[in-house]
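In order of appearance the chains are A, B, C and D, and numbering begins at 1 in each one.
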Amino acid sequence: MYNFRTDMADERRDIYKKANNLEGEIPGIQTIEKASDENIKSSIVKILNEEGEKAIGKPIGTYVTIDVRNLRLAGEEELDKASNIISEEIKTIVDEKVNKQDEILIVGLGNQFVTPDSLGPKVVSEIEVTRHLLKYAPECVVPGARAVSAVAPGVLGTTGIETLEIIKGIVDNVKPKLLIVIDSLASKSIERISSTIQISDTGIVPGAGVGNTRKELSQNTLGIPVVAIGVPMVVDLATITDDCLDLFIGKLQDEARSNDYLNNLKNQDNYEEIKSALIPNDYNMIVTPKEVDDLIKNMKDIISKSINYAI
Amino acid sequence: MYNFRTDMADERRDIYKKANNLEGEIPGIQTIEKASDENIKSSIVKILNEEGEKAIGKPIGTYVTIDVRNLRLAGEEELDKASNIISEEIKTIVDEKVNKQDEILIVGLGNQFVTPDSLGPKVVSEIEVTRHLLKYAPECVVPGARAVSAVAPGVLGTTGIETLEIIKGIVDNVKPKLLIVIDSLASKSIERISSTIQISDTGIVPGAGVGNTRKELSQNTLGIPVVAIGVPMVVDLATITDDCLDLFIGKLQDEARSNDYLNNLKNQDNYEEIKSALIPNDYNMIVTPKEVDDLIKNMKDIISKSINYAI
Amino acid sequence: MYNFRTDMADERRDIYKKANNLEGEIPGIQTIEKASDENIKSSIVKILNEEGEKAIGKPIGTYVTIDVRNLRLAGEEELDKASNIISEEIKTIVDEKVNKQDEILIVGLGNQFVTPDSLGPKVVSEIEVTRHLLKYAPECVVPGARAVSAVAPGVLGTTGIETLEIIKGIVDNVKPKLLIVIDSLASKSIERISSTIQISDTGIVPGAGVGNTRKELSQNTLGIPVVAIGVPMVVDLATITDDCLDLFIGKLQDEARSNDYLNNLKNQDNYEEIKSALIPNDYNMIVTPKEVDDLIKNMKDIISKSINYAI
Amino acid sequence: MYNFRTDMADERRDIYKKANNLEGEIPGIQTIEKASDENIKSSIVKILNEEGEKAIGKPIGTYVTIDVRNLRLAGEEELDKASNIISEEIKTIVDEKVNKQDEILIVGLGNQFVTPDSLGPKVVSEIEVTRHLLKYAPECVVPGARAVSAVAPGVLGTTGIETLEIIKGIVDNVKPKLLIVIDSLASKSIERISSTIQISDTGIVPGAGVGNTRKELSQNTLGIPVVAIGVPMVVDLATITDDCLDLFIGKLQDEARSNDYLNNLKNQDNYEEIKSALIPNDYNMIVTPKEVDDLIKNMKDIISKSINYAI
């Protein structure tokens, strides 16, 4: 399979189309664009069948992508607008899967002590949980409220336990009807860092965004529907060096006329020799804006508001 | 049952003896004093049978108490010495329960965002977990190493889920042979705050120390032995006002000669009228040293070192 | 002087009146009550002359006190209302002292790593500073904006430098026209912890609230007006034991008829013998609600919003 | 001047030599290599006169560089060894400038809330300050101890005040004889992130490492000697793309034989067109290891130990 180096369905679609010189849609994939606003843009990528699944390496299902331009500089009003749009999308997907009062468990993946991996645990700490109130203090909850619980299970490196094992144990005991999982993703584009949200109904592979793929959390492994909310927090350094070389070869071809040697170079997936000279082997280098701390704070507020409102 | 307002077995023994004017040992309870050092003192309270259990309201089992004097001012050498002693006590109890290579799960109870309740999660973040290495990278572990995993499940108020439900789910999936649980306790004595460690082989009732009793974690509820490591982090304000009034009545009796009226007052368990005037109802007031942040840091280092070494 | 054990002008007034059996106002002191709301109550204590100053041990000036009931449970709307009222009071005092465009320096006192002492540094981190923008990027600021800067100088125990020395150095170089200082205070009342704001135009003595009195920050020492915003974060444990014994003696007198012996006891300022038995010498014990972390978060939001709006 | 994109004197020397095809030493610059150890390597770059200063754009003075290999994986013993070597170098420079009992002020530059910029404030919080003890509690200090104080003044973006203005104010009031400044630097090499220390006697330009150059802290501006301890925490993304293209052009030249067109490309300092396509304008992109949080913790321990021991 092509090495996509991104968890975003729309980026994978674009990469696949470019690599295969496709003009129209990929067979088995359908795209719907929505223009909400000058600053907020959303689109839906639907993977309809196995052909689409095989092309871009993501499971059959719906992937909603919402881009918020200039989130870093957004005022309170714009943050509210973004929350509302995201909230609607979450509500749509949740309402398709479960009834109004069905219990939901929110899971925040990632390591709270590593800034670009801390979004999940931070969102969880802002979720309004009600499950214990319904049981011990029902007078504190509006009648008909849904039971909501929330956990941040930590990461394999600090617990020694696969996230799936922990979550499976909790699901078996708590018996929610739906899981909402929040995680950090990898993107191809620096501009999307902490500015884009992908909502899907297909579950998630924890750690994919930060280079440590783990067992998937999905209906297959857990027996209940899993809605995934992912936000790109990092771009792999190798993505940048690849793009840099692609742009450069393109420039050489434009100016010095194409030649077979350069074409040949471009068809190699990556340029191991150069990258191994640049990137020390035992490090996991990431590219991130210096202001990532602020960006995460805004994104955490948006997502926790969206979820609290949607459910 | 007498309202002990302490989780420490040795304090309950003393309170019971005083209340019942006992000179010798309580039937069903046995005490062994150990004088390790000028600054470190340890003792063992054994609850031998139901009679002892009923007297002080703690389950049958062994409770080791280690007091470290002036922990706040202790140098590196003294911290090491304390770690060694605690480590030996943990090792003794663990070795009684499981074999050298049996898998152990460490559980840090409490809310990491509330300083006096954060000891458990802080210790967990320093535990050397090996379970995932044995599975994915056995070359990184010394041969014969024990599988160790560690979780901080959060508290009912933020997850909506009983700690027992979360831990039961994890135990069922991970299948450790022993649990070591770290939690904050309540004590009667200000001097013991973050300076005393109680190690027991009887499990634990989460939240007992901070006024929110939950379902117990024990062999009864989890099916495997549970070693509990607890540290007093708070004294209930009601304890202080009670002690204050007891001392005062004692003083009045000494000076003005005893009289029935005062004796009668002293036999009332507490002085609800006075306390309700002092302590607002909907607050959970605690007494804590201003320097509790530093004390917790030292205690976290001692306990995590002790556990890492013991297992 | 009477040992007031509180930094709140209104509490000192009440203590003085009670101790001297005064029915009306203390000479040299004037009080104005304002009832804003069911949940928010404010009052002004004016110390008019040296007689008033001597009576309650606070310098001549105006002390506005705002009590927010149930701040811990307050919703967003109530927090906004509290912010507006506090903001108006700050604006009134600031406008009396300086012109609309005069430069202001905000100073957050206290130790950010000790929860009940961290309010000042936390507020400072939310202040919208403009001084550097006016100099380097005037296009980012609305025309006519005031220059605002903000520092958290740390505490003597961690810097080794008196707060006054640091602030004096900065004032000499930055040359603001007014200082606004935020600090933690001590109160007599548990209910006021993180729920009451005292605003005064008289400067402040850093650390008074947590038992380490330092050199005052005031017009006398700095040469510019100093507005102080203080919030009670702790109650001294000795205050509680004193109150406990006073209530108890009162109860004994009511029930057993007064007698000289008890009256005599009550006239002793405190009960050293009892307290020294309860409170270990080398500890600085404080009484604080377990939820102090949440309370500080709400209070930080209120005060930073109030200041940002007022100036 | 050449755009060095690094604060490290030894890297600038190498870049200058390569750019000018120099075999031997740059006139006005002298280098001394020291091989301490398999894992720790140190060297000294001396800028002797204005010719050297002009060549590499750093002021006349001594720059000691210490590289610790694999700091991330270092055990306690290796951390101690690194501390000792760094401590010796700091001691040598400090002893040249001031007498044994002369007062020293430690300044931690950077923003404690932005992980790769937080080294300075974190080191300051571990410094053993004595200045206040000498004044208020001389019995707590060994006789002959030096007065040490420490501040973390914050950054322009959060205080609104130039760091130089704050420090100048404090120096004028506190009157230390020497300043030791700790800051984050930029390097050309990913491997040096949080693994290399540069100690110089020439002062420092705050923020140079993270793209916001401010007024220098030096003997010129403060009137007392300024020892700077800097650690590379980030690599500018533009550095990586430049290196990537240089390596690629070199490869093309090797394989396809040199040609004037490529040579010409390589002489351009950078490749604005490509980079502007890769790097969004209003972001300050940095490259950092995912584990930067751990690396900073180790480095903070090393530097604070080194300073505490050296002075």
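Operating definition for what follows: a residue touches a chain if its C-beta (ideal position, glycine included) is under 8 Å from a C-beta of that chain, and two chains touch if they have at least 3 such contacts.
On a predicted model such as this, the values are computed, not experimentally measured, just so you know.
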When you check each chain against subunit A and subunit B, which touch both of them?
none
Just grab the chain with the largest centre-to-centre distance to subunit D, centres being mean Cα coordinates.
B
Distance from subunit D to subunit C - Cα centre to Cα centre, in angstrom
41
Intercentroid distance (Cα basis), subunit C paired with subunit B, Å
36
What whole-number Å value describes the gap between the mean CA coordinates of subunit B and subunit D?
46
Which subunit B residues reach two or more other chains?
113
Every pair of chains that touch: which are they?
A-B, A-D, B-C, C-D
Touching residues of subunit B toward subunit C in the complex: what are they?
113-117, 190-191, 210-211, 234, 237, 240-241, 243-245, 247-248, 251, 256, 261, 271, 273-274, 277-280, 283-291, 293
Please output the residues of subunit A touching subunit B within their complex, sorted ascending.
113, 125, 129-133, 147-154, 156-162, 165-166, 168-174
